[in-house]
Structure formats: C-alpha cells, structure tokens
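Would you mind keeping the following structure in view while I ask a few things?
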Amino acid sequence: MLAQQLINALTLGSVYALFALGFTLVFGVLGVINLSHGAIFMLGSYMALLLVSSFQMSLWMAMLLSMLACGLLGVVVDFLVLRPLRKRNAPHLAPMIATIGVAIMITNISQGIFGAENKRFPFGTIPEESFSLGNLHLTAVQLAIVVIAFILMLVLLQVMRRTQIGRALRAIAESPKAAYLLGINVEGLFFLTSFAAAALGGAAGVLVGLSFNAISPFMGQPMLHKGIAVIILGGMGDIRGAMIGGLFLGFAEVMSVAYISSDFRDAVAFGLLFIILLVRPSGMFGRVLERKA
Amino acid sequence: ADIKIGVAEALTGPAAKYGVAIKNGFTLAADQINAKGGVNGNKIQLVAEDEQGKKEDAINVFKKLLFQEKVLMIFGPTLSNSAFAADPIANATKTVVFGTSNTADGITNMGPFTFRNSVMEADVLPVTTRAAVKQFNIKKVAILYGNDDAFTKSGYDVFKSALAEQKIPVTDTETYAKGDVDFKAQLTKIKASNPDAIVCSCLAEEAANIILQTRSLGMKQPFVGGNGFNSPKLFEIAKDAADNTLMGSPWSAENPSPANKSFMADYKAKFGSDPDQFAAQAYDAMHIVAEALKKVSLSGNLEKDRLALRDALPAVKIEGATGKFAFRRAAPKDGKEAGYDAQQDAIVNIAKGGKFVLLK
Amino acid sequence: MLELRSVSKNFGGLRVLQDVSFTMPQGSIYGLIGPNGAGKTTIVNLITGLLRPSSGELRFNEHDLTTVASHKITQLGVARTFQNIRIFKEMSLLENVVVGMHEHLNYGVASMLFNLGTYKDAEKKAKERAHELLSWVRLDHKAHMLADNLSYGEQRKLEFARALATQPKLLLLDEPVAGMNPAEKTELMAEIVNIRQRGFSIFMIEHDMRFVMELCDRIAVLNFGKIIAEGTPEEVRNNPDVIEAYLGKEDAE
Amino acid sequence: MLEWWDSFWAIYSTVIFGIGINAMLALSIYLTLSCGLLSLANAAFMGIGAYTASMISMQTGLPFPLALLAGAIMPAIVALIIGIPTLRLSGVYLAMATLGFGEVVRVIVLNMEITGGPMGLNGIPQKTEWWHIVILLTVILFILARMRRSKIGRAFEAIKEDEIAARLMGVNVGGYKLLAFVMGASIAGIAGGLNAHYTFTIGPGNYAFENAVDILTMAVFGGTSNLIGPLIGSSSLTLLPEFMHSLKDFRLAANGLILILVILYLPKGIWDPARIRNFRKKLTSSRSGKVS
Amino acid sequence: MSQILRVQDLHVSYGHIAAVKGISLAINTGEITALVGANGAGKSTTLLAISGLLKSASGQIFLEDEDISQQSPHHIVQKGVVQVAEGRAILTTLTVRENLELGAYTRKDKTQIGQDMEWVFTLFPVLKNRATGLAGNLSGGEQQMLAIGRALMAKPKVLLLDEPSMGLAPLVVQEIFRILKEINQTGLSILLVEQNVRQALKIAKHGYVLENGSIVLSDTGANLLSNPKVIEAYLGA
C-alpha cells in the first residue's frame, strides 16, 4: 500500500506544483498574489475541451492553443487591470482584490457559457494507457503530469538563474525603479511574465482536466487554496520552492489519509503550513533577508 | 386571477446545477397546467428568484417573495442549509414552504407549514443496502463520503446505521471534501482493506470520478449509492465503468409508468436535455400543489388563502413521475408542531451498459 | 554612561566585530569613525537592541542592555537616527514627531475614550512640543505635509527631530549629515552643540571629518571590527594607523 | 406611510442587518490592517464567536447579551493564544498562517459532534434586533474612532509603516499588534454572534476562505485609510447584488467588473479623503506623475 | 565644444507641488558638469526627469539632437544615459556579481563585459571579495561603491551621479573623485550632483546652482568656487 500511496503522493504533488509554478512566478516578479490564476487554470481546461470536442483537434495541439489563449488572456488582464494599478502606485492589496474581481468575472461568464455541470474530455480522446506493476497502478496522464511538471520547473529555474532575462526579472521583483535605471524594459517583462504564468496555468488546467474528468467553472477555487499553501510553503516567488512545496503538500495530504484519517486531511495540510511558518517565517525555502537598519 | 407561486432556488453558483433543473421542472409543470386552462380557471404564475445557495440570500429572497411579491406559497430553497435559515420565515408568516430537494433530517420540524416531496435518505438507503447485499452477496463493505456537506454526511449516517442493522461489517471509512478531484489516497486505503463493495454517499459527478479512479487502481468492487448517484452525469463521465452500481432513488428514468414517460418526453422537448431526479421531483411538486389548489376556493384574502392551501395539501395523493405519492406527518420534536414528509417507495436501480435499469 | 565590554558580533561566518570595548562619558559627544563596512552601524544596532551581540556586554547607566527589548531601550533613554532613513512616509511631519513621544503621553483608556482633560492636555502639549522640535530643524513650516514629500536631506532632519522627541539621554546619530551641504552641516553643528548644552549625550558616526573633529570630545576608530585608536580628535587625527586606514594622506576638508 | 415602512422593513431588514454585520466585519479587519497586519483569520473568529454564542443560547438558555459577550470573549482568547507566536510573521506570510489557522478551525468544527458537523447548528433562537446591531456598531465605531486619534492609533500607523523605526520610538510593537489582533477577533466574534441569531442556522462552510476574502474585499473596496471606508465598502458590496437583479445570470460577473473598476479608478477605495479633498485642486493641476 | 545633453525649460511637479520650475542646462561632451543646491532644491528631481523616471510637465531634454523627454526609461538607458540614483537602488536580494552583470544589461558587446567587471573590481576591491554575497548585506559605503560600479558596467555616454560621496569614508571619497576624474578622461560625460560642493566644483568644468527649482547661477567650476554667494551659502565659510 505504501508504494501505491507514494505514487499517489507524487502525482497529486505534481498537480499542485504545476499549478503553483505560474502562480509563484507572477508573485515573484510582479509582487501580486494573482487570485485569478485559478480561473485561468479552469479556462485552460475548457478551452482544450472545446478544441478537442468541437474542432476535433489533437490533444497536443489543443493544449498548445489553450496555453496560448490563456497566456494572451493573462496579458490582457495585466494590461487592463494590473498595469494601471502599477502606474498609480496603488496599495499592495489593491491588485489582489482586483484579481478577485477578474476571477469572479471569468468564473461566472464561464458558467453562463458552459453551464455549472462537470464536463469531461470525450471518450477516446484521452490516452487510456496505464502502467501496472503487480499491485501498483499509474495512468499515462498521471505520468505525463509528473514529467511535464518537472520539465517546466527545470526550464523556468534555468531561465531565472542563468539568463539575463532571469536576472532582469529578479531585479524587477525587488525594485522596478532600480530595474528602469538599469535599462530594463520593465513593462515588457511584466507582460512576458503574465503571459508565461497564465500559459503555465492553462497547461495545468488542461492536464488536470484530462486526468480527473471534472472540468467545471468552479474547479479553480479549491486548486487556488492549495496553490496558495504551496507557494507559501516553498517561499513566495521561488520556483524550486513551488515544486518542492507542491510535492510536500501532496505527500502531507496522502500520508495523512493513509496514516491518520481522511477527516483531517485538510487540517493536516494547513496545520503543517501554520507550524512551518512559525518555525520558518518565510516558508521552507524562503530566504530571510532583514532590511538593514 | 393568477395564482402567484414563489420559486426560491439557487440559479447561480455551485448549487445551480440542481437549482436550474428544479426550476425547469416547475416551469414545465406550470406551463402544462396553464395550457389546460389552469387550476379552476386561474393561471399559475411562477415568480422565480435566485437564492444562490447561500442562507442569507435565501432569507432575503423569502422575505421578498412573501412581503413584496405576496406569493401564495414558496417552493425551495435548493439546499437543506438554506432551508434551515429561510423556512422559519415562511412558517412565521403562516405560508406553505415546499422543498423538493431538501433531504436533511429536521427540515419538517421547523413548523407545520413545511412540506417536502423529496424522499429522505432514511427511507431509501436501507432498501438499497438490503438489495445490494442480496445482489452481490456482500459480506463486508468500505464507505466513502463527503464529510463537509450536509447531504452526503447525512446519507453516510443513514448508511452506517442501515449497515449496522443488517450486520454488515465496515472495513474502512474514508472521507473527502467538496471540490476534491483526487481520491486515490482514500481508494488505495480502501483497496488494502479488501471490501466486497464500496458504499458511497456522494454526488453523481464525484461518484463518477471515484468510480473511474477505483478502476484505474485495478479494483473491481461494485458501488452502492443513494440519491446523489441518480443523474445522467454519472454515465456521461464514468460510462460503463459504473456498471454494477446499485442506486436507490424515488425516481428512475426507467420507470415505465405513463406519467413518467410523458414527463421525460415533454422535458426533453422543452429543454433539449434529459431530466434528472431534481427536475422530476419539482415537476411532481407542482402537480401536488395544483391538486390541492383544486380543492381551495381562493378568496383573494392572502392570509386566508395561504391557510387554506396549507389545510388542503396534506390530503393530496397523486401518481406522478416519481410514482405514487402521499404526505406523511413528521414526528414533532421539542413539542413543536411539525410539517409533512414524503411517503413514497424507493426504486432500486442497477447500472448496466451506461445507464440505470430497474433491479429485478 | 555607555559602555561596551569586549563585544563581538558574527554574521554566519563573517566576524564583523571583535572584542570592541569603549566607554563613553556622560554629557559628552562621542564620535565613532572608520572605513565603510568596519562595523559602525552594527554597533548602533547592538546598542538599540536590533541585533544581539555574539558575546560581550553592553551597559547603559547601570542597565545591562544585552537582553532588553528595543522599545524598552528607547524608554531607558536611548534614541537613534538611521543611516538609511526610516521615517513614517505616510504620516505628516508632525505625527512623525509625536510618535516619538509615545512613551511620554500618559493618559488612560478612559480619558482617551471620553476625551477627558488628561488626554486633551497631553495631546496638546505633544503637538506644541512637536512644533518646537520641528522648528529646531527648520521644518515647522511643513509640519502638516506628508513626510514622503520631503527631499532626502529634509528627511534626515525630520528623523533627527523625531529622535529628540523620545526625550533621550543618549542620542545615537548614524551619519547625520550625509547628504547635506557644508552650509547645512554648519547649521546642524550649531544645533548639536545646542542640544548637548541641554544635557543630552551624543554618540555619532560620521564620515565628515570637519564635523567630527570639531564636535567630538573623544573619538574611537573602528577598522575591520576592531578599535584601532581612541582618544581626543587631535590624537586620532595624527595617529598613523588611522591615517593609513581611514583618513588618507591629504587632510580631509 | 407607516404601512409602506412596514413592508419595506419586512423585505429589506435582512439586507440592513447584513450591512450592519458586514460593517463590523470590515471594521474588524480594518483594525488589523491599520496596524499593518494582513490577517485572514477574521472569518474563523467570526465562526468561533457564532458557535460560542449559539451553543450558549441553545443549550444553557442564558440571556442573549451574555451569549454575545461569550461570543466576543472566546475569539479574543483564541486570538491571544495563536497571536503570540503568529504575529512575528509579516505580510503575506501572516495572511497565509492565519488562513491556515482558519482552515484548521473549520475542519475541527466539521468533525466535532457538539457543533453538528457539516450540518452545523439549526434552530438557533432568533434574538437579534435591529437596535442591537445599531448600538454595538456605534460603540465599536466610537471606540475605534477615539483610538485613531490617540497614541494607540499613531502607534498602529507607525508599526504599519516601519516596525523597526516604531520600536525605536519606544512603541511596544508586539503588544500593540496583539491588541489589534485580539480586538479584531472580538469584533468579528460579536458580528458572528449577531449573525447566527438572525439566520437561525450556522455551519462550518460559512466561515471559510471565501468569507475571509469577502471581508477583506469589503474593507479594501471601501478604503482602509479611515473608519468610513470599511462602512461604505460593506454597505455597497452588500447592496450591490440587490441592484443587479435585472442582469440575471451575469449578475455575479457584473459584481466582479464593478469590483475591478472601483479598484482601478479609486485606488484607495471608494472613500478616500485625500482624493475628495484634492478634487477641486485637481481641476487646475497639470499633466504629471510618476512612472512605476 | 558640442553638447551631449541639453535640458530646456524643464518643469516637473509632484501632483500639484512644482519641484523643478523651468530650468535649462547643458552638459558638454567629455566634461564633468556639477549641479549643486540645498536640500529640496530639485536636484534629484532633475536627474530623475532626465532618466525618464519622472515625466516632465513641459520642456525638452535633448541627447545629442534627439528629444528624449517622452521616451521610456529603458530606451533612455539604452541610448547611454545612466544614473546612479539617490538611495543607491541596489538590488539587495541579488548577489554583488549579479548586480554588476545587470549593469551591463543593455550592452551589445557581451565579450567585453568580463574585462570591465575586472576593471570595476580593481576600482573597488571590496566588491571582488563579496562578489558572491548578497548585495543587501553590504555596508552603506560598500553599497555606494557597488552602485557606481554597476553604472560603469553599462559603458554610458553620460553618467548622472546623485551624491556619490554620500556615506563614504574620507579615503573612499578621495578615491571616488579620483576615479571620476579618471573615467572622465576616457571621454565619459558626467553630470554630478553633490553636497560635497568644494570637491565637486574642483573637478567640474562647469557648474550650476539650483535653488527652489530654478537655476540661479551658472559658471565655470573654478569661478563658482570663488563666488562669494556660493561660498556663503554652500561652503559654509
């Protein structure tokens, strides 16, 4: 049983991590807790569903296109909502609340268009293969999620660590003013970040939609809660942290079901979050940097 | 004159999937009644308001319907929780409040003006369990239910006592929360406990997912479920992976009675999709009320008419889409006068080839 | 009045202060100079309780500061300004200064709630005093402006006034004249002399030699976390180690 | 006239009760925000207050004021206990820790017998009268207004802007933060108790993440720079749905849009004294502004 | 002598507070130009407007012959106008080396960057020792050095310096002024805002005195140094 639970934990953790990657990226660069990330994630699912079922597109194509569409939506949200707030130097809670507004809008319009019911990808469009080894089972989609999550994380990490764009993004994260003075195209990179984050969110949506058959306008909300926990655990804005935080949360949840009680699964997850924050006030991997006196 | 009837259902938000079906059921029935000239020549006019599945909004909507729209009675609200908040207001105003989807315990204890035709899980599930034990020769079961939802939790309570009564041991009890999509951890644990069947107090969409994930873990056990399973959604999502699932419900699409056949055909014609149990119960409820109204001569005095309706309702007996229906006086609690529950037989179904058929 | 006894401070592996000891007499102006990164600000952070020493002892008027909370240290009579200005930007200048008087506003909850005499008096006196302090640094004409609107040098002055508002016995100034021009420095110098005459003791870090040499009674020189010289300005100025490490060959202006 | 009022009251009293209670909640989070603490535990505190007060009303039959008092004290005690370790955290980390605490409270309530599990408590006696709300809201407003104009209010603001500098002004930062947190919890608890005694029923789902965010939204929407903001924010967001009925299915979407527009065009919330003051001056001001 | 940067009738305000009220000044190619004035005179505001971080209310700013007053900040930096701002704007969460690398963000000649970094390290040896440490842990003076070093990494045409000597030890101040002279000799044009008026005017060919947002004096550095008004107001006789 333990081996199967470990697989369960790995796949669940990868789902969380995948969702959290874009979420943490936006926070890391724009300094905004983008609460519309869940809604964009949901839209990614629907978009791919629509392309597959109404336009008979292949799954890969649909995934690429819905990433693109989500990315563009991310840019539009950034342009219409976040950018004006940046320009106005609005208090830091304002963008967060504004993105709640965006999430409400997207969710309700989607409900109006797609209905409130759960949908799934049409039969036959999802790879049905699964791998079994004795008593252990893993579906192809789950495997894909794990692999894609790791690849995306590694790519992002390398971009942030090794490239000039990565450094520029980190500069912006700390001080847009300083970044301007260095000749960095701050607005351009804001858009790029919003695009990338939303595209990642869309990708997560497609994969989750594929593996759980529960595409609904409300699927973003619970994921958002978990995403928040993940990026806090991992340290806000930390890519590697999002990955580790996601896996950690996945393990914590699965193990609490396996060895404590499923009644207290969420309490265990959030209780852990609470305790970890008390011990490490900036998350497991957040760097503590005190402002110098 | 028109008879104004309030409909307070969740038309937006997560509970809208029930609320909208319910509203459709009322609309279909009212249109049919009106097309035949109404009740004693009076047309039925539905006043629908959205209570969003939230209790504050349910209270608001009730007040608006009672005091502003001055409706004769109210159908709704969608969720039991909202009913606990809003039904006392109708009772205080001495107006009939008629739930078609509130299955929680204690709803009809809120006052003598509370009615429902939603069959309680307590009436349905023991029958289902008994049928399942016989059908699959079950010795022991595992249970899975949603523990943060009043409906699935009370379903669990009933299952638990029914199983205890029938002396079926439970190998493992697992829970999940609203919005969960990954049930593998719980299922893996259930698998290790090796039950003969899985008893599941869940809603259809969750159930479908649970079934799919159970199969992907290489488990073959049949499922036993309640009302919540009774939706085409189960098969839209799980298809024939759901085969051999046993479900007890007051309504079945397979019920060959003429009332049901015509309901299903009319519904499909009007709304373009197949009805579910919620639509069927709402449809019947409208006919129950119409039946009572036939016996009432409306005076135009709202207070009197509301009382007259309440006095006429308990005696109504019809044969509707959900089969034979009658009211049953609920047992009073804390010395408070109680309202009326549904007296109806449960139908036990089994899933075969992607749909529910009557269990012989 | 202020005494450091072989104080050391490490940041991880970095040994920033090693065995620093000195004694600052009551009523004096005491200077601390040294190259950038020598550990001067760290000493001030230790005195004000923002950092804790790795070893050693800090004493202020018979109190051992080593474990006292920052706000208690302020209440004991130690105030400071910051090298990287930290004013309350969204508050007016006046409010900034009144915050400094926090501990000296003695009114109870009841008088606060019901606008009683003690409350009114205390608040009124505080405002008057704040205006006075602002006028010392020539900012009283901007008393109701938001502090954020001040230029850099003005913000320094505001910090200075705010520190005085805590009624300190000992004032710690971390580079008080950085960002001021010579004329303004001269002005501030006069101010500091004034303040000393009112009975304050002043401990100051400064890189402006004219300022330090003219004002200070005694000066300690810190280099790489160690005191390399201590004495009167004259002694320090001519100490070859100090010239080598800090002053440079040309005399500072 | 009287009749008109009666029917108006009969229909809209819930909305008006809702405004009053939401105003308290918005004020409770305003209080912590005014001290620089982004705490999302207020929904949980509201729940603790609601459950405490309701259980006392239902099981002991003690008078309503006592039940309410208990509903104010219990969250304060809990806040005191969790506040001491938690308030060291800053910014979003505090927000998340408090959110985590809220989840834990919810799950515990969900799994307890005496709280009725997911069914919650039903049949809570209706005790809340409009004037209870008016009086309590007035008292809360009065206390907060007086605090703002005193050294406590200034200490809060100083802490919000720069904790270290505040500490070095002699402000007991930890103590004041705890004060704000505990008082906020208490106000939320009162709101919870009042709310429970007019909706007859409470459940663990009423005090979850969404509710915490709703409370925050009301405060920020109205503006958190003074006491009027939270009041305006809570009333307008409570009333908004009432005015949107004609939009049917897309009503909630319109809510979202309005939220965005207000945040965009009124960056400091609806009630921003500085903006209102500058309104006239603005007519003459020239094009200018900061980038970034 | 050609003018590399020319400011014409520049007005800048914060909301309705006018901070700079119609100033005109010019920087000759290859020269050091000083801008001095009391606290709050508008010096930093002028520099921020040149860099495009503040939008001017009216007036033009010419780089060579191009009006850059409406361009976005990163374009201005790309064109070679680089500023060391007041308060240093060090990226505290990045390492010292990363800060320097970002200084070269806009450069095209990537191969030269390594050499220039070595050059900056020889100018400020502390930075080399702390290259892999976080910039936020540097002392105040060390951060100032980093800020200047980072600006040099951009290979600017015009360097705008806002109080570079602030917070530096006397030895380092001398060093900084020496370095400024040295890099000026390589052809770099510099606009220097300084409170250390004497030193600044000593190395500046030309100087402007700003008071309350307007230029009240403009002359060669040497003349200003001996101007009685300047002596009284800024050198504190």
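Note that the chains take the letters A, B, C, D and E in the order they are written out, and that residue 1 is the start of every chain.
The definition used in the following text is that a residue touches a chain if its C-beta (ideal position, glycine included) is under 8 Å from a C-beta of that chain, and two chains touch if they have at least 3 such contacts.
Keep in mind the model is a prediction, meaning the values are calculated, not measured.
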Centroid-based (C-alpha) most distant chain relative to subunit A: C
Chain whose mean Cα position lies farthest from subunit E: B
Most extensive contact between chains (C-beta pair count): A-D
Intercentroid distance (Cα basis), subunit E paired with subunit C, Å: 29
For subunit D paired with subunit E, centre-to-centre distance based on mean C-alpha positions, whole Å: 49
Separation of subunit A from subunit B, taking each centre as the mean of its C-alpha atoms, in whole Å: 37
Residues of subunit C touching at least two other chains: 41, 48, 50, 82-84, 86
Per-residue overlap in subunit E, given as positions that touch at least 2 other chains: 14, 52-53, 72-73, 137
Subunit B: positions in contact with at least two other chains: 12-13, 147
Touching residues on subunit A, where the partner in the complex is subunit B: 1, 4-5, 8-9, 11-12, 15, 108, 111, 115-118, 120, 123, 130, 132, 135, 137, 139, 208, 212-214, 216, 218-219, 221-222, 253-254, 257-258, 261-263, 265-266
List of subunit E residues in touch with subunit C within their complex: 14, 17, 36-41, 44, 86-87, 126, 137-142, 144-145, 163, 166-174, 195, 197-199, 232-236
Contact footprint of subunit E on subunit A as seen in their complex: 164, 167-168, 170-171, 173-175, 177-178, 180-187, 287, 289, 291-292
Complex contacts: residues of subunit C adjacent to subunit D: 48, 50, 69-71, 74-75, 79-80, 82, 86-91, 95, 98-100, 102-103, 105, 107, 112-115, 119, 123, 162, 165-166
Subunit D-touching residues of subunit B, taken from the complex the two chains share: 11-13, 50, 55-57, 59-60, 63-64, 66-68, 80-81, 84-85, 88, 104-106, 110, 147-150, 153-154
